[in-house]
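Let me begin by presenting the structure, written as structure tokens, before commenting on it.
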Amino acid sequence: MKKVLIREERCKQCGICVDACPKNAISYSSEINLNGYQPVVIDDDLCIGCGICYTMCPDWVFEILGDRG
Amino acid sequence: MAIAKKVPEMLSKQISFCPGCGHGVVVRLLAECVEELKMEKNVIFNVGVGCYSLATPSIEADKFDTLHGRASAVATGFKRCNPDTLVISYQGDGDAYSIGVGESFSAAYRNENITVITVNNTNYGMTGGQMSATTMPGQKTTTSPHGRDCNTTGMPIKFPEMVAATFPNAAYVARGSVTTPKYVNQLKKYILNAFKAQLNNEGYSLIEVLSPCPTNWKMTPLQSLERINKELVDYYPLGEFKTRKEK
Amino acid sequence: MEDMIKGNHAFAEAAIRAGATFYAGYPITPSSEIMEYLSVRLPEIGGVFIQAESEGASMNILTGASASGVRCFTASSSVGMTLKQEGISHMADSYLPFLAINVVRYGTGLGTLDTGQSDYLRDTRGGGSGDYRTFVLSPYSLQEAVELIDRGFELADKYGMGTILHTEAALGQMMEPCTFPEMKKVERRHGSIDGTYSFERISPLYRDRLKEAIDEKAKYDSIKENEQMWAEESLEDAEYVIVAYGLAGRSATGAVKQLRAEGHKVGLIRPITLWPFPEKAFAKVNKDVKGFISVEENATGQMVEDIALTLKKSDKSSKPVYMFVDAFGVPTMKKIKANFIRVKNGEIKEVY
Amino acid sequence: MKEILFAGLGGQGILTSGLVISQIAVSKDLNATWIPQYGAAMRGGTANCTVKFGNEMVYNPAQEEPDILLAMNNPSFQKFVGMVAPGGTVVIDSSLVTCDTNVREDITVIGVPSSEMAIEMGHAKGANIIMVGVIANVSGDITEEEGISGMNEMFRKKGKSKFEEMNTKAFKLGYNFKK
Amino acid sequence: MEDMIKGNHAFAEAAIRAGATFYAGYPITPSSEIMEYLSVRLPEIGGVFIQAESEGASMNILTGASASGVRCFTASSSVGMTLKQEGISHMADSYLPFLAINVVRYGTGLGTLDTGQSDYLRDTRGGGSGDYRTFVLSPYSLQEAVELIDRGFELADKYGMGTILHTEAALGQMMEPCTFPEMKKVERRHGSIDGTYSFERISPLYRDRLKEAIDEKAKYDSIKENEQMWAEESLEDAEYVIVAYGLAGRSATGAVKQLRAEGHKVGLIRPITLWPFPEKAFAKVNKDVKGFISVEENATGQMVEDIALTLKKSDKSSKPVYMFVDAFGVPTMKKIKANFIRVKNGEIKEVY
Amino acid sequence: MAIAKKVPEMLSKQISFCPGCGHGVVVRLLAECVEELKMEKNVIFNVGVGCYSLATPSIEADKFDTLHGRASAVATGFKRCNPDTLVISYQGDGDAYSIGVGESFSAAYRNENITVITVNNTNYGMTGGQMSATTMPGQKTTTSPHGRDCNTTGMPIKFPEMVAATFPNAAYVARGSVTTPKYVNQLKKYILNAFKAQLNNEGYSLIEVLSPCPTNWKMTPLQSLERINKELVDYYPLGEFKTRKEK
Amino acid sequence: MKEILFAGLGGQGILTSGLVISQIAVSKDLNATWIPQYGAAMRGGTANCTVKFGNEMVYNPAQEEPDILLAMNNPSFQKFVGMVAPGGTVVIDSSLVTCDTNVREDITVIGVPSSEMAIEMGHAKGANIIMVGVIANVSGDITEEEGISGMNEMFRKKGKSKFEEMNTKAFKLGYNFKK
Amino acid sequence: MKKVLIREERCKQCGICVDACPKNAISYSSEINLNGYQPVVIDDDLCIGCGICYTMCPDWVFEILGDRG
């Protein structure tokens, strides 16, 4: 089940979320976005919706689904 | 399904910093706190000159681009004319501590009821990574090519500590970082404290943020975060230097 | 019957009457009495008075106030005004109105305390970077200063730009009676920054500079066309026209009256707007005029450039321009007259 | 138009003397200006101001050629006597101006021992007001009543009416001083 | 054969070769490479490199260095130069030589990063208070810049005043080959402050300002007479003369060559000293010239004033002055030519 | 007969301060210390703008009048070009702490090897007694006509304390007074310490002097001294805030 | 005189390509200028520079009407193709420029898959040097030897001679690329 | 015996030395100096040459006779 929304066009492939994800759920797409980066993709099976990727991403790529808090 | 963590409404446009630049996190946190305090329609983002100047087009709220170094003075004008509005002065280490040190110092001295956010990335990011007042001893920059020599240029400045020690009435002073989830959350608390202090008319608040500049540091984003966690926080300790008096 | 009042106090009161509620400044002789007066007066009317750490900071504080839509002003003198140039040009670029009173003291750098007019070129051309202009208004009496301060605010608001009241140490320090208008109440300007995000401010990085360049030029041209102000005496039959502003203009007014009484065909143009320069006054001058004489309180002659430029583009492009500069101090009527006679007798070479 | 130059030491109240004269002129619906000296000497030292008044507008408010000079000490006399208009008058405090005052044929010098007179009348700081009276008379444009009422009104508006009686007395002393 | 070198690096090296041993500055695009280069180079030669906290401070640091008799310089761009005006006018008033490089970026206030020439009036008239002037030299190539930097220091020393190398973003950022002279060794200026009290400095409070005013005017007149520099093309038979400096002048040089080849009788004056303005060049122009065209990289036209003033005092006072301004960017040869044709065809109204 | 206490040679001309003004004592002490160190022919008096500008004509030594507030920057230029010369930057509270606070702060930050003397008379003496950054709470000045309101203008600044706390490498920082013979002698010791630190290349030194301005305080000279002793020294404690490390 | 516009993404080494061409020209004793783009886009994004060279002095060093355009990505092609002089040439990296390049009749478009070629030759960062070779050839003013020696000398002087062999290979690949 | 030299022309009658003298040896002259002040005079009998007047005088009026120290 999808726990995280991604705005691919914003990702700059900095790798911060990839490193920070406690579940190693994040990797790069093979597609290239408009800015020339390979945006992140999330493995929904691994993802626990903890929101750390949201917290760390400098480019406002993520939104975390679920109830607040 | 509901959304638990959502990029604030006012940040609906993409931001054009380099990959891994810390400014993006800081801008988001400010917007989150403004939203949490329901001040979206009662806030002024007053912005100095540095890479963060690239952020104003992405902030959908009242905003103003000042001259380099003068943001704390301009913010003074805004706050005095809009005493009930949240006035945020967003600056960099170059902006706030070198060319603008007179304005920064004097706004703190007058105890202006504003919140100053200084993003310390230990150099002048926008102009190509020159030495700033916070460049570390030995750090190579485009104007300290052999590494910063503190014998001729001075020791890096700790402005928050100075404010806390020098201005008895300042409301709130802290230093945060964007380098780990824990730090980011902590920084958000600092920002909320500062905003609340301002809205409660407690006086001047200042938060310095240790933030990576991968481009000019010539490091990957991850190396940059590591540099901060390993090297910078020792010299620039994180934490609150002045906490709010309970009011 | 009105009482004697000091120039600087009159300037300050005039701004209050014109609806200004915000002042930021830094003390400097011979303008300090303006802020001293306001430190009492502004709190009385619920306005904001800020003694800033410097002239530069005060201009930037004003930037915040003006961007908030509040009628605001500052004052200083020569070297202090130099420090405001950064802010003045930034406010110009941001289309923010303000009034800045320059109580000019003579001299370069730190300067002296003497009265003078050595900031003409700086104030009319701008000491900051870029192509901007501000209104530059120069009074010759306290009454006129009171009126020009009100007008200066209105012009600033109307065109979204700054106004400099360019006056002299001697006018700031002297006393004479003058009448003040009633207090005016001015609303915050529409479309200003108040936190509500009522409009979107375009980042300096994304503005259309080419369009703005064209618009600015058109705006300045329209101001030049519509906002010139001057006083004149006997231009129709003048053989020579004296041009002088401020207190030099006042002294020259007397000199011209006396010269006329003595039978000399002399006229006077007293620019009140230094920018836009009152070119229209020159158009009114008798075609057979023999020459123009610029009387200035400085070392090298500054306004003389505007006189020459005005003539260059008129049908009087071949008319000579003479100059009488005496460094500092209000030129006496006696000296102005003597100088006129020397010009008339061909004892002085034209500068243009 | 009359031009009067008031000159003396810093503490002698010379600027006030000038202001009173100008305010009296204004109270008579004349045009008037008052302008203090400028220059580098800021601390202590001499002070002076020029007052002009008349029916017409005052053109140059600055010092040009005084019809009357009030000199309250030696340096002031020496510095300014040469500028007085031919036929003009110099009023000196003869208690303080001790130098040779017989330097020009074409002017009248009036000695008034105003400092001593002031002490005598028990208003030691009133020498400058005595001199206002003298000047008012010498100017020929101001009657005794106009002078007194103009002066007192001025001080009253400034909230300084407590010396009114003394000032009136001092003014009268000066106005009626017989050389 | 020389290598390609970046403009800003060439400026910095040229100053070193000219014997400068002291630099203080603050970074700003598009001039920062000057100080970056010097942060390596000055320590190599035992000189002093100071990154100051601001442009203003750097100018005041220079004041101490220049008063010590040391050959010193700074660099900045437009808005940064605004902050130096206070120090520039103070150094002028203190008769202290210096070189300041203004790598002009277009625009008012903060400005843009585009190349431009919108600081002409400010730099030639001075943005500080008073009647002072500085030399203003403008190169059209890196080779010329190298030469003018040396000349600028010499002029500054000779006359005890400042020199501004007024150049453009594009010249600072571009690369082309150039040759440098040998390193020059310059002694500390005679009669400077070194602690030994070799001469008595008169306090600003006690200087004879009237005498100085007269002396300054005479000095400026003599500089105007003796130090004009310009380049010219085909003035003898020109029907129209294009006037342009810096890179606009370089582009115009090419345009004029092409127009000549196409049979147009057009000439060129390329001012190299913007102050003193090369009036003598205009005297060489054919009497029957039909007009002058000012080509500038700004919004409102600035140098055009000096052209008009020059003509006003010459026998060409009735000759029209046209203007082609295109806000920012180096004007292309194509546009300059097109504009010339429009002037020739009477499609453009003169401005003076 | 020999002379035990003699006004230094370089002060052969009269000085034109108001009666009882403290600047006269400070200038004399500086000259005495220069003489004692035999630096008369190797000293630069670099002077800001304030009443002390009236002193330069009376000082027969190399001297320079700077712009208002810029003295510490100009002194930097002098020192870097004359590293073996004693460079003294004489400033006032207005000059050093308001308009010049950026330059003052930054010279201290760079640890310039100069000695800054700031004469604190709690107002802008030269321009007629306006409020300065050191004006005391409630003090009436020409721009704080009802007494200084620290809620809108800030608390008076303690610059020496700030320098001592903020700049770890600063060589010497002290505050003295001219109000009693004991204090004057103590101040002289401070000045000697600062000069020695500079001559020994130890770095930045700063001495603030509490000094009377009878004219603008509208007090007699004796009342002015008393005001300092009774009121000011409590807020502005005398003493050394940073002593020389033995070298 | 030749005018060449080099355009691409930030990291593609486009400014270096231009510089190498200009330096080769200089090594042939031609006049040359190199000028980078200006503007507000400072962080990431596109980059471009204009090189001009010839026997005569280069008058306007800024972009006017390029004879040759090197476009290393789609936006660069689209933005600049309209400015190319009639009869001019556009060189594109055909691995990256994927948009329709058939937009003008009066110019020649040369596709060179330089990115792929660079990876193939084991010098992934060498696409820009391959393109230098292509441009040198297309310009018609530079022989293969002149190009190689000019380029290598430049890198040598910068202390970057360790890639000399690779660069030479890449240049040759480009110079001899057959469309 | 004279223990103190006075430069009368410099005295501005501020009263600081008068107040500070431990022996009350200082008073004002009845003469007026060039600046209009009544300069100090010292009663040599009372004066002990302690130098406090020198130390306190802001106008460089005094010099103390005797050996240094």
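Per-chain numbering from 1; labels A, B, C, D, E, F, G and H assigned in written order.
Following the convention adopted for this analysis, contacts are C-beta pairs under 8 Å (C-beta built on N, C-alpha and C of every residue); 3 or more make two chains touch, one makes a residue touch a chain.
For clarity, every value in this text was computed on a predicted model and none was experimentally measured.
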**Q.** Fewest hops from chain A to chain F - one hop per pair of touching chains
**A.** 2
Q. Which chain has its C-alpha centroid at the greatest distance from the C-alpha centroid of chain F?
A. G
Q) Whole-Å distance, chain B centre to chain F centre, using C-alpha means? A) 34
Q | Centre-of-Cα separation between chain F and chain D, whole angstrom | A | 41
Q) How many angstrom lie between the CA centroids of chain E and chain G, rounded to a whole number? A) 34
**Q.** Where chain D touches two or more other chains, by residue
**A.** 40, 42, 44
Q) Mind pulling the chain B residues that touch 2 or more other chains? A) 17-19, 21, 54, 65, 67, 98-99, 101-102, 105-106, 109, 126, 133, 153
Q) Residues of chain A touching 2+ other chains? A) 12
Q. Taking the complex as given, what residues does chain B use to touch chain C?
A. 39-44, 46, 53-54, 56-57, 60-67, 70, 73-82, 85-86, 102-103, 105-106, 109
Q. Which part of chain B faces chain A closely enough to touch in the complex?
A. 1-7, 11, 14-15, 17-25, 28, 178, 180-181, 184-185, 214, 220-222, 225
Q) Which of the residues in chain F come into contact with chain B in the complex? A) 98-99, 101-102, 105-106, 109-111, 133, 150-155, 157-158, 161-162, 165-169
(Q) Under the stated contact criterion, what part of chain E meets chain B in this complex? (A) 26-29, 32, 35-36, 39-40, 51, 53-55, 79, 109-110
Q | Touching residues on chain G, where the partner in the complex is chain E | A | 19, 22-23, 26-27, 29, 31-36, 38-40, 42, 57-62, 64-65, 154, 157
